[in-house]
């Protein structure tokens, strides 16, 4: 499985035939089905930029994930993941924040369902600023203050906290995958923290 | 096909075996495939509230579609439709505006990709204010000024222009399908036209 | 002083001549100067709708202030107040939340400086939905989750917590001053809580 | 008068005593009164980023004004100006667009009163990214498509059309006054055009 935009680990182990037990959510897709669907439909994602805020709500630092790719290359990315069948955007946002930042991050989800931007990823470059070679994905991007302790799980090696100015820099942008440096700048702009 | 959230007419006629000719976009789904996919993934939609504005950009009237359902019942709805594989949100928005309002509506698409709200439709009531018995759909809602002549096509019988106050009324809400009365009010609120 | 949109209590007592001591912020205006300025310039305000949210950030209740007017009449209103010279919008928002909800409300100020709506108050009715007979005021409206205990001070008798549906009702709107029932509905719409 | 954020030319000529004729809007302030008020209250401004859009509403070019300062220095700036007493934000936006771009620009004012960002200018640097040595100004910033011919008037020498990428560049930022390079980037981010 690509490290790009990881899909949720199912909460069960497939049997020897690779199929889920009968009580499993029908919305769960096997790897083959998911690969097939990805060539047919835009896939809905959420992405989150975790931030620390001061007492007046102003963003003072920005969390960026560092991941190792199967090739050994290190890339930076945001909290992200698919919205599942039957799942609300808030549920998906919370689930992926917990998956990527651990259960003690205490994220403060936004009161509004309106994202700070919508990122459209296409397999072929040039249509938008964002690419994902596996699929056409449409991602609702949120800025989410976290008040607890972040402890990245899974394949994220580390969460790096940066100032807004560092996060918007060319150096950080160059390390982010799929054009997400632009996404980070747009998110910073939405909170008035782009200079 | 349901009148609810109509899928695009393919630009070709299926052969006697019901399959598309070989040059057709692989993102096109047959009715059976679409029905299957709808039980597995949230489906991405756009919806648009067409409006007329005065010289200062203020919304003075709101367009609501009137449709006949197969049962003969008349319901009101918004411009809406699926986002196809490989299609940008702007392309989908333009395509559905043209489909529902005709080629002379001259819509002024928004400069920002951020929707005025995001509506989440579930087959089962009670999760959100919106229901769609066929699917889990997530819809990006936009307010779109139109400057030309609207000539509804397909199964829309009529486009009715109302004042913002009429559009927000209980009477109109009661006639709108899937909870879209709430959507219309949220759209009016976003342009400062809810009292 | 009107109960409408109260001005800040100065932190000092004017001398017998009614003028501030020399170390006072030059941006402070005497009652007479303020009355004069109000006939010459639009006055910048902030307003806040305090809310309680669930673990997923969804608004579950809305706080509305109840005030007694000098006439004995009871009216409902929002947290509001002037932005002073040299004060940031965040500082003004925090100061007025503390003034109206007490020091233990623990408001979570928004990360974005963009308000959910901008309300324009004019002395004469009919220009917008909002009136203020003392002045032309332009108010930046924010929805602010509070996590602590609210203990209204000054002339606010009580903070009433309501469901979003109650807050949007005609009954509550009719009790709100200056057209702020519409403002409350627009704020609810911005968080997807208007039906 | 400073070239920074020009105040409106009154539509009359003051008499030899410098006072307006009796039928003039009481909200008009003499230069001395305005200078005095600027030390006492935040002053409300609007700013606009004029853009050209393609048939799908996407921003393809951005208009930036070039002005000569009294020192002979050339600086770049945005459409901007004060909101007068009794004037709506839309009226102010339209008036300043006409003042800076001429009567044939045909601006399409936004349907929503919510600005893309709020810029806070202080006389002293370091509080926000924006400074204005004359005053504390709070500016509501809008992105406004124009469809006609722009013919800058007054002290603006020229309107330069740039691609979004040029407008976001360091070179252009360095030429913009009062920190407005950051404002331009935030505006571009709001329309998904920042890379």
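The chains carry the letters A, B, C and D, assigned in the order they are written, with residues numbered from 1 in each.
Heads up, the rule we're going with is that a contact is a pair of C-beta atoms (placed from the backbone, for glycine too) under 8 Å apart; a residue touches a chain by one contact, two chains touch by 3 or more.
None of these values were measured; they are calculated from a predicted model.
Colleague: Please report the minimal path length, in steps, between subunit A and subunit C on the chain touch graph.
Modeller: Counted as steps through touching chains, the separation is 1.
Colleague: For the pairs A-D and A-B, output the one whose chains share more C-beta pairs in contact.
Modeller: Most contacts of the two pairs: A-B.
Colleague: Centroid from C-alpha atoms only, then distance subunit A to subunit D, rounded to Å. What do you get?
Modeller: 37
Colleague: Hey, how far is the Cα centre of subunit A from the one of subunit B, in Å?
Modeller: From the centre of subunit A to the centre of subunit B is 28 Å.
Colleague: Taking each residue of subunit B in turn, which ones touch at least two of the other chains?
Modeller: 88, 113-114, 116-118, 190, 192
Colleague: Over in the complex, which subunit A residues touch subunit D? Could you list them?
Modeller: Touching subunit D from subunit A are residues 117-118, 129, 179, 182, 185-186, 188-190, 192, 194-195.
Colleague: Could you please specify the touching residues of subunit C with respect to subunit D in the complex?
Modeller: 26-27, 29, 33, 37, 39-44, 83-89, 113-118, 120, 122, 127-128, 136, 138, 140
Colleague: Would you pull the subunit D residues touching subunit B in the complex into a rising list?
Modeller: Those residues of subunit D that touch subunit B are 51, 53, 55-59, 88, 90-91, 93-94, 108-114, 116, 143, 145, 190-192.
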